[in-house]
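Two complexes follow with chain A in common, the first pairing it with chain B and the second with chain C.
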Partner chain A sequence: MAREEVESEVTGTVWKIETKVGDKVAEGDVLMIIESMKMEIPVLATEDGTIAEFQVEEKEPVAEGQTVVVLET
Partner chain B sequence: MAWKKSVEEIRRRREWAMAQGGAPNVARQHDAGRLTVRERIGSLVDDGSFQEVGRLTASVTYENGIAVDATPAPYVCGLADIDGRPVAIGGEDFTVRGGTTASLDKRKGGQGGFSEDLAYEYKIPLVNLIDGAGGSVTSAKRRGHAVFPGVDSFDRSVELLAEVPVVSAVLGSAAGGPAGRAILSHWSVMVDGTSQVFAAGPPVVQRSLGQQIAKEDLGGTPVAVAAGGTIDNAAPTEESCFEMIRKFLGYMPQNVHELPPLQDIGDPTDRIEESLLSVIPEERRRAYNMRKIVELLFDRESAFEIQPDYGKGLITALARLDGKVVGIVANNPMVYGGAMNVAESNKQCHFIELCDTFHIPLIFLVDVPGFMVGEQAERAGVLRAGMRAVYVASQARVPVVTVVIRKCYGMAGMATCHQAGLNLRIAWPSAEWGSLPVEGGVAVAYRREIAQAADPKRREAELEAELREYGSPFRTAEAFGVEDIVDPRETRAYLCRFINAAQGRLKTDIGLKPRAGVRP
Partner chain C sequence: MAHDDLQDEYKKRRARALAMGGEAKLERRRNAGVLNVRERIDYLLDAGTFIESGLFATSLYPGDKDKTPADGKITGYGRIDGREAAIVANDFTVKGASSAGTNMKKISHMQRTSKERGIPMVYLGESSGARIPDNMGAIGMGTLLGGNASQYARLRECPWASAILGMSYGSATWYGCMADFNVMRKGSIMAVSSERLVSMAIGEKVDPEELGGWRLHSDVTGLIDMAVDTDEEAIDAIKSFLSYMPSHNEEMPPLKAVPNGSDDSARDVASLVPESRTQVYDMRKVIRAVVDKDSYFELKPRFGRTAVTALARIDGQVVGIVGNNPLSKAGAMDAMACDKITSFMVLCDSYNIPLAFFVDNPGFVIGLEAERQKAPGKIINFMNALQLVTVPKLTIMLRKNYGQAYINMAGGQNAADVAAWLTAEVSFMDPTFAVNVVHGSEGTRLEESDPERFKREFETFQKDNSVWDLAATYAVQQIIPPEETRTWLIRMLDVHRNRRTGGLGQHRLHNWPTSY
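Take a look at the complex of A and B:
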């Protein structure tokens, strides 16, 4: 099992987390939504795997390049 | 058999060259996770196609007038084929004195020299395999004087950029001349972990600024490719780097005096992709995956992204439509809504000039809310950089087709079409445009009216709703202000039709593409 760290592409605020730890996801699936520049920016799974950990909560600010989700692949 | 002895001497000397810098140095190169220059050439070019030139260059030890041993010159160059087409190729041999400059009567390549002259004279692509540290202060001692910058000039490297495709791979730690040479290329690539590139390496940085920094942190791929955009692409291994070089050259003509090569993979021009109807969320604020659209519209697996890790609000890729090479410039709504910042402009300008130079028509996939806003962007000079993208787009002479996927606003929107030419713009039903977005625009234009309203918030919302009505793409199409609105599923067929029709025109434009004027 490898750990895959998924980063936010943008600086913004966590708007909605629509998945939970333990969910199985496929590459390209939406893990959470960041609000930035009046836009809803989905954070997509970078690989197939299982959600191991969230490193942010809803309403929390995130920085570009910050790890927000860890997948087990 | 008069010449047998001399012929034997040729063979003996060629063998010395193959020993490179000696077994211990070759082992050290391998231990560092790197191939030698000869292995690199062998891995990159068509099997057995490397015709070396200058294998006898060496510093030779003589005993009683007989050559007994030799250290080859630290540069290997010649002619080779890549996918059956000739290229000039050259690279430093790091196993010989760290790939430093050899004292030969004529340079073999790297910063002017035989391989570069060969590419220029024969009008064939040039591949530089860079693995050298450049100038050394010791050369002043050898010569007895300090050399003025430019004794090995970059003039030939500059001339080449107008004539033939130039590819550089940084395959070791490159500073100074070799690092500069990598930038004077149409496309450059380096390898994760084993390549670094910088204006000056850690010892010079330490001495100049007192900063202690490891070479990977100073010039590894996260800095040179992702943050700086100094080098275009990163490859996980040397082998994958060579695969990318072959792929890049597959889109390029041999020189600017011919058209890019056709490669028909039999992907039907009228292929209908149902998912194109659902790829754009109806919720306007929601971003989506533009790369998915690229995948669906262009010939299957034909897209090759240039600078994927830099200026990520924009996607630039070479691809094919019905086998013909096209350049894609697509905004990426996943990164700041696709706004154009300085890095995006740098990326777009370089890519458009690359395509224009090699007669590659451009397809814009537009979703741009405008230039990036805010203090940070202004401090970085976003307006000047953004207008440079407008200027460069206006100078392009290749056919341009603009597909408006969603937003097309303001001056950044102007950099996505070719107003000086035919200016063919087709829109998806999800498209919207204007000089600035209704949100924010209303607050400025109707400031007094909103302030004086009984319920200012509500009045602002009413005005926004009213103006958004006019934003329907159908209204603009009625006025021929946009040439067409298409069902997204028809886009591929539409684009193929026009790109096929443009092939004759492309022929009339072959040759040099001089660009007058001063870029902002």
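Take a look at the complex of A and C:
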């Protein structure tokens, strides 16, 4: 088991988290949606795995490159 | 010597050469689930077509003659899907496939045949670097290295495909980086020097994956085009890549039959794009729906993800697709996306492959990080390459198209013809920001300080961005409903065929650097 840190590609605000800790996800699945540049930008799973941890909550600001989710792969 | 004795001698020497670096090393590979070099060649080539060049070559270094079957690099000619290719395949079980006098001659010989006869080069890479002690000292260096003035002069006369299939330092790394297509088996390492040498040099333990693993090269450096799980998948990827390529730059890529059902998904393509302009979607699905069924072959999928570059076929003809991908950063192109698109245009222009641009982007990424990544240089490098391209370029505007990115994504006269969907919107800047630049004041956003005025001004700006005004200026030649995208491309590829040259372009990008 390896820890894979998933980063936000954009600076913005966490708009919706529609997954939860323990969910199994495949590479490319939407983990949460960030509102940025007036757009709804998804954070996608970078590899197949299980959601181990969220490092942000809804409405919270995030910076580009900030880790928002940790996957167990 | 009697004929029988000669035959025996031949058989004995042949068996010794084919035994590679010995049973113990071969067994270790088998246990690790890794093919040996001769199994790799068998898997790559049409059965029975391999004619080996230099089976009896060995090292001439004192004492090494009997320990270096084929001198650690297997070379020869073979057919891939019926077409000849020149092969260089490294045998890591023989002195780590290190580079030395005899095997360097073998590589040059393959490169010479490839160039002169117009057949692709395939490199199956796994190498430890220059052989020691052969290359040591001033005599070693002076004798062995630097003796070939064209070894690294990449002029793209013929396609080069490479697979990184193990520890790769020196030779395999160089040829991988120079190749038109470079696939890596996960677990392999591609780097200048081994982690052992690096750790010794800097006095700190280095993690090989961090030094040159697949994640580094697929996500950060872009030096590989694809990462796969097994040797077989890597070799299959090489075969697929070559199926889109001509054997050399003076012929067209092969035509293929159009699979049944290729028109079906193109009819529903509008359903893949959300109606709301604030929602994103995956451009790769749109491209897959438009091109011939199962013909989509994406390059560098994890690098510069705001852009998509893929080889595909449309009506049986090979086409290079460049797309923005709104799924990543709304499709705003960053420095990595610029590099990825530029190198893809170089590939397509070098091998007579027409280009189609699928456009939906809010502009280039701006900001401090973008400038640090040389965004201005990357954007104009991309633009420079675009204007040097001589294969036909076709553009389809799906949705947003703003600022300099409009020009880079083959807008205006940068394409042979431009079509726009009804949802296309074009301007210098997204109306949200334009309203603030013109009507806002520094430090406040009009949508917050005066939402009603914002709405009014936004609507005015947005109306002026419509596809109708763009068509009125003749900057787009056709407005098409999404379901006609495929038929438009098929027709336009025919209209814009380079008839005077039988389809060939001028290859003005053929000596563009392979990484920059």
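Before moving on, here are some points about what is shown:
The criterion applied here is as follows: the second predicted complex is superposed on the first by the 73 of 73 C-alpha atoms of A that agree within 3 Å, B and C clash if a C-alpha of one lies under 4 Å from a C-alpha of the other, contacts with A are read in each partner's own complex, and residues count from 1 in each chain.
Convention: a contact is a pair of C-beta atoms (placed from the backbone, for glycine too) under 8 Å apart; a residue touches a chain by one contact, two chains touch by 3 or more.
This structure is a prediction, so every number in the text was calculated from the model and none was measured.
In the superposition on chain A, A:Glu40 makes contact with both chain B and chain C. Residue contacts after overlaying the shared chain place A:Lys20 against neither chain B nor chain C. In the superposition on chain A, chain A positions 9-10, 36-42, 44 are in contact with chain B in one complex as well as with chain C in the other.
Partner chain A is touched in their complex by these residues of chain C: 278-280, 305, 326-330, 332, 362, 369, 430, 432. Of all residues in chain A, those touching chain C in their complex are 9-10, 36-42, 44, 64. By the touch rule above, chain A contacts chain B in their complex via residues 9-10, 28, 33, 36-42, 44. Chain B meets chain A in the complex at residues 283, 285-289, 292, 312, 333-337, 339, 369, 439.
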